[in-house]
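One structure is given below, encoded as structure tokens.
Labels run A, B, C, D, E and F following the written order; every chain starts at residue 1.
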Amino acid sequence: MKLAHATWPDVEALPRDVVVLIPTGSLEQHGPHLPLFTDSLLVTAVAEAVEARIPGQVLLTPTLWLGASGHHLAFAGTLSASFPGYQSNLEDVVESLRRHGFTKFFVVNGHGGNTEPNGVALRTLKERHPELVIGHAGYFEFAADTAARVMEGPLKHIRHACEAEASLALHVFPELVRTDKLRDDGLIPEPSAKGMIFTFDEMTEQGSLGYATLATAEKGRQIFEAAVDGVTAQIEALASGIVLKGLPPS
Amino acid sequence: MKLAHATWPDVEALPRDVVVLIPTGSLEQHGPHLPLFTDSLLVTAVAEAVEARIPGQVLLTPTLWLGASGHHLAFAGTLSASFPGYQSNLEDVVESLRRHGFTKFFVVNGHGGNTEPNGVALRTLKERHPELVIGHAGYFEFAADTAARVMEGPLKHIRHACEAEASLALHVFPELVRTDKLRDDGLIPEPSAKGMIFTFDEMTEQGSLGYATLATAEKGRQIFEAAVDGVTAQIEALASGIVLKGLPPS
Amino acid sequence: MKLAHATWPDVEALPRDVVVLIPTGSLEQHGPHLPLFTDSLLVTAVAEAVEARIPGQVLLTPTLWLGASGHHLAFAGTLSASFPGYQSNLEDVVESLRRHGFTKFFVVNGHGGNTEPNGVALRTLKERHPELVIGHAGYFEFAADTAARVMEGPLKHIRHACEAEASLALHVFPELVRTDKLRDDGLIPEPSAKGMIFTFDEMTEQGSLGYATLATAEKGRQIFEAAVDGVTAQIEALASGIVLKGLPPS
Amino acid sequence: MKLAHATWPDVEALPRDVVVLIPTGSLEQHGPHLPLFTDSLLVTAVAEAVEARIPGQVLLTPTLWLGASGHHLAFAGTLSASFPGYQSNLEDVVESLRRHGFTKFFVVNGHGGNTEPNGVALRTLKERHPELVIGHAGYFEFAADTAARVMEGPLKHIRHACEAEASLALHVFPELVRTDKLRDDGLIPEPSAKGMIFTFDEMTEQGSLGYATLATAEKGRQIFEAAVDGVTAQIEALASGIVLKGLPPS
Amino acid sequence: MKLAHATWPDVEALPRDVVVLIPTGSLEQHGPHLPLFTDSLLVTAVAEAVEARIPGQVLLTPTLWLGASGHHLAFAGTLSASFPGYQSNLEDVVESLRRHGFTKFFVVNGHGGNTEPNGVALRTLKERHPELVIGHAGYFEFAADTAARVMEGPLKHIRHACEAEASLALHVFPELVRTDKLRDDGLIPEPSAKGMIFTFDEMTEQGSLGYATLATAEKGRQIFEAAVDGVTAQIEALASGIVLKGLPPS
Amino acid sequence: MKLAHATWPDVEALPRDVVVLIPTGSLEQHGPHLPLFTDSLLVTAVAEAVEARIPGQVLLTPTLWLGASGHHLAFAGTLSASFPGYQSNLEDVVESLRRHGFTKFFVVNGHGGNTEPNGVALRTLKERHPELVIGHAGYFEFAADTAARVMEGPLKHIRHACEAEASLALHVFPELVRTDKLRDDGLIPEPSAKGMIFTFDEMTEQGSLGYATLATAEKGRQIFEAAVDGVTAQIEALASGIVLKGLPPS
């Protein structure tokens, strides 16, 4: 069920073991070829496809579209929430629905910059309410294998405004892609270093990272389906109940 | 221009005296007849109509849909932001665009409960950055006269899920209105008292306040047009520049 | 009863259905003719007159005099609380007295800039403690009709350091009014715009807004009495109990 | 100069090396014999006497009367600010006047519970603005020797609602003292322990600590004068400029 | 250089391009066999070994030992910082040293629960001060391959109080390991689910996760050396300067 | 018992009336002769000596070493926590152990700058949990008389990096004292003023205050023993139970 279009008696009538699905996105620069709302549009499309498949097991909220995008602020148009403000929103959505009796929550994320604050916010909630069942993951985590398979360029991970993300855009909202502006972009640190925190104006020339010129709608379709399959399976697992069992013997 | 669909070079190319238009909504119970997203859907429709009329003077952001709705939390499905979290989002949107060089902001609000925190957040910004030009008003304030004229019930002000709001819903998203559930509802304090802070479960039986059974799409159309006219005029005033002039002689 | 002058056993002995009356003021510039403490002095005088009339129904706290006055900070001497700090104080006063068993609160405000943070703070309290009965209004709201009637200048609303407020000052603390400095002041936006957030140095030359040269103590007396009458009636309504009754039929 | 009664041009005309004097008080239980506002009334009286002596060297603000009184909340009528809210107010007063160009601040405190948060708030300000000259002390610290001399009971330190404080009350606001309710009260820890944090309901039977039955107005007069002398000397030192000089040789 | 043992003139004399190394740990339950301080002891040992190897390139701070351990609070003795408090500390360390002129920072983490708040805190700092060079990683990330190679049990990742961590403990502080209490422990979710947020009392019987009975000091030595090698290389990369270079052609 | 070296079953097995002992220190400049970690090293040594004497009555936590040292930030190497961050840590340690059932807490402080925020944090906890038994004091308060007796220089109070503190350092960690850099330092305000908030770069030439050249290890030993005796007695008082008894008759 889509929460936005429901009335309160509709929600009142729901069984309380449906899984609340909360998409998180961003409004941030995606190079000269993709719109600022790319992350939000993609994660919303994935979440709506999941809801369309298993509507009775999901309560889908609107997308929290104002993401943690401080590393993109050097590019015009990017909006960024402060971390406390961002986290507060996610906590408030869960707290509100917890008050209405729901106990299972899954956050599907569409923007890498949200991963850490999602973790902090959700762990805060879990500490406050240990009885809640909470999970979160990027939709792109479920599609990593498929993306690595279909991508032709030398970069095999889903990155920002890259071959994979541009392909998803061509599949989901082709009318918003500036195909004449698709470009390869991005810099790589030498020597290789772990866990560096770079801003995108340090790491790219025009804001994207990877081989967007290789993007096709068909690649996007395959990645998209893999993401929808993965999130659907995750929701079904939460809905049916995850059980913790013993380790295999050593 | 719609910020969501623009690329960063599109925004970079904009003149910096366009007016940033920020809609604020809610996801909260609207009685058994209107969807939870009513406020967000209506204010978005108004803002998009304004943008469609004068696209060159406006930079329209997506709607901040998670509103301050604590007074509706007794009804299932309602989501409410904390006041600090809500205000933080609005401040962050303005701060981000200020960083990109924009100086004129207008917040069009679709939910009464946001009025006060909008004021606090925007005054905070004005104190921090006195050079900004900032305004805010509910879309319904621009339509108050029209609404009073077209409403047939004894209540002549736009209230929650009432004759006027249900009419707007029938005009803007008729497919989401449960016409079989339209109902009159609401209680009135005796003796009359100023400034009382009631929750909606204290003030109503099923969450709406007024004579929704009298709603029609045509009334909604007239109220909607008045709102669009009013917000458009406001944006044009900000875009062209508001000048402060002396009082008339006493 | 005045809380300040009571001992704790006096408060312990009170019935818990008396109405706690909390005045909120400011210390901010009021033009060259009125003292910085004008708002606090006036709202305190109104509140004390109410307490003197119906002492058994009221528990009057001292005035929260440090208001939200950021829009006046360009003028020397103005003090302004941050919004969170201001709101925290109001919340703490209510929380403290709630702990002592009181459940009915009315905030009488003497400074326009406090209206929104008062609303945010009191709604926060109501959400936390739905059983509380809470109201708030400016004393000037109760005197609006009288003020409009007695004011001779072209401006008929009570504004900052204007004909009405200067009249009140001449009635309540004439010794602090610089009658030789009374002056008309203030600018008006063209085109007219709704909800603009101006600072007082943008809107005035010397900090006041209206026709203070027309002020008289007799006008002040009438406005003052109207305010005291209005607040008294409000307190009596809360003390006797406000009942919510059904709407008239459509 | 009293800030409350000044106009903004009065403040504008002040030399910026006057010392801003900020009294901090409380509204908290003071046993069955003293009013809740005792601390605020006493510190205000001291501060006003200082201002009356050296008006040209002082800019006196109104008293921040809502103190940190959580340890008295078990007694009816006590109001307590949260520490962050309390500190925020003090910071805001200094920040506002700093903006107007003042650089010397002295906080005269009338309530022991404010000492630590005053220190934290003022050190925060000093770290943010190292150029400020800031000091703070309880008025009672300046009167400690006199109090020890005039007190007849076995307790020689100024404590809560004790012989000394009740004497001050009899000197400053005799009409508010319930002389028929004066009582000795208070418990002492065994074994003696340093730095214990007790609440007043743990430490007293009725909220006072010491030998209030021995209070007289004459003792109060002497203690009061010592406090005024001490604060005056402090303000004069700040006004004339404190110089740091080398240690004596070892 | 160890910051703790230096004097201020020692630090003043340092070149400002040394890398500040900040270890983050925890004090939390580690099963019946390892001490509560395990994470802090291990990360400190790694960091000190790095400092001993390249003392001229490192400024090593003491370990921030109070970690984010809310998911372990069901076990006695665990201490947990709130996320904002934890993050505040890390920010304050960096801000203090930034004030002294240092610009390169690397956080070596010893506790998985700190990873996300470290990321949030460091990204906050990077947004505020884009000129800083900041990185962070768990020491265990540098030892993952070695650990997978030396571990004999079916679990090949470093987990909580597991074969690898117990081995490290036997290498670094054997006197604190309760070898008689070593035990295998831990539950696995079925169906497998991504990104679930479990507490350790949900996931384990006695607080550890993996095959601790297989731990040996020699395995620990190898894992430890790999971690020290990895962190050392990282520091050297930061010290010499990381350069961003173009992607290879597609 | 030392919490750091215990396992969770060790803590689980403890009687809940042991006294939790929490040392608080700093990392801040101590002149050219003492290391930055002086306060933390000294307070840890005192606390460990206390634990060694009465291990069954104490649960000793690691030292909260990141202190409130803003007044030393002008000297290189000093780290300072913000007050809210510092207080949050102390609150979190107590809250965590309270959750595990402990009710008696004593904070032994090694840095004057922590005294006020310790007070604020602990009073916050006491207000939230009135059933807790909480105390705090500087270790130096217990050694004041001994220090005054053994100090030969004209300054008889324990100050920053002075004769007493340098003596303690020579007793506890002589290998870290730069005996060739011992120096007398410090300025004194004229006229004498109460409660002034100075930074150490205002008050000293090189960061110390007093006659460090007179320091000896033997003086340090005597002061140290007095501190350990005093804290031990305090813990024993809390462990056995402090009783409140009536005042002596007047």
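Please note the rule applied: contacts are C-beta pairs under 8 Å (C-beta built on N, C-alpha and C of every residue); 3 or more make two chains touch, one makes a residue touch a chain.
Nothing here was measured: the structure is a model prediction, and the numbers come from that model.
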{"item": "Fewest hops from chain C to chain E - one hop per pair of touching chains", "value": "3"}
{"item": "Partner chains shared by chain E and chain F (touch criterion as defined above)", "value": "none"}
{"item": "Repeated interface matching E-F, over half of the contact pairs identical, chosen among A-E, B-C or C-D", "value": "C-D"}
{"item": "Cα superposition angle of chain A on its copy chain C, in degrees to the nearest 5", "value": "120"}
{"item": "Centroid spacing, where centroids are CA-atom means, of chain D and chain E in whole angstrom", "value": "48"}
{"item": "Whole-Å separation of chain centres (CA-atom averages), chain D against chain F", "value": "27"}
{"item": "Junction residues of chain F - those touching two or more other chains", "value": "73, 80, 84"}
{"item": "Complete ring sequence of chains beginning with chain A, oriented so that chain E follows", "value": "A, E, F, D, C, B"}
{"item": "Chain D - residues contacting chain C, complex", "value": "3-12, 27, 29-37, 40-41, 61-62, 64-66, 73, 75-82, 84-85, 88-89, 91-93, 96-97, 99-101, 176, 178, 181, 207"}
{"item": "Chain D to chain F touching residues, read off their complex", "value": "68, 70-71, 73, 80, 83-84, 113, 115-117, 119-120, 122-124, 126-127, 130, 133-137, 141-142, 152-155, 184-199, 202-203, 210-211, 213-214, 230, 233-234, 237-238, 240, 242-248, 250"}
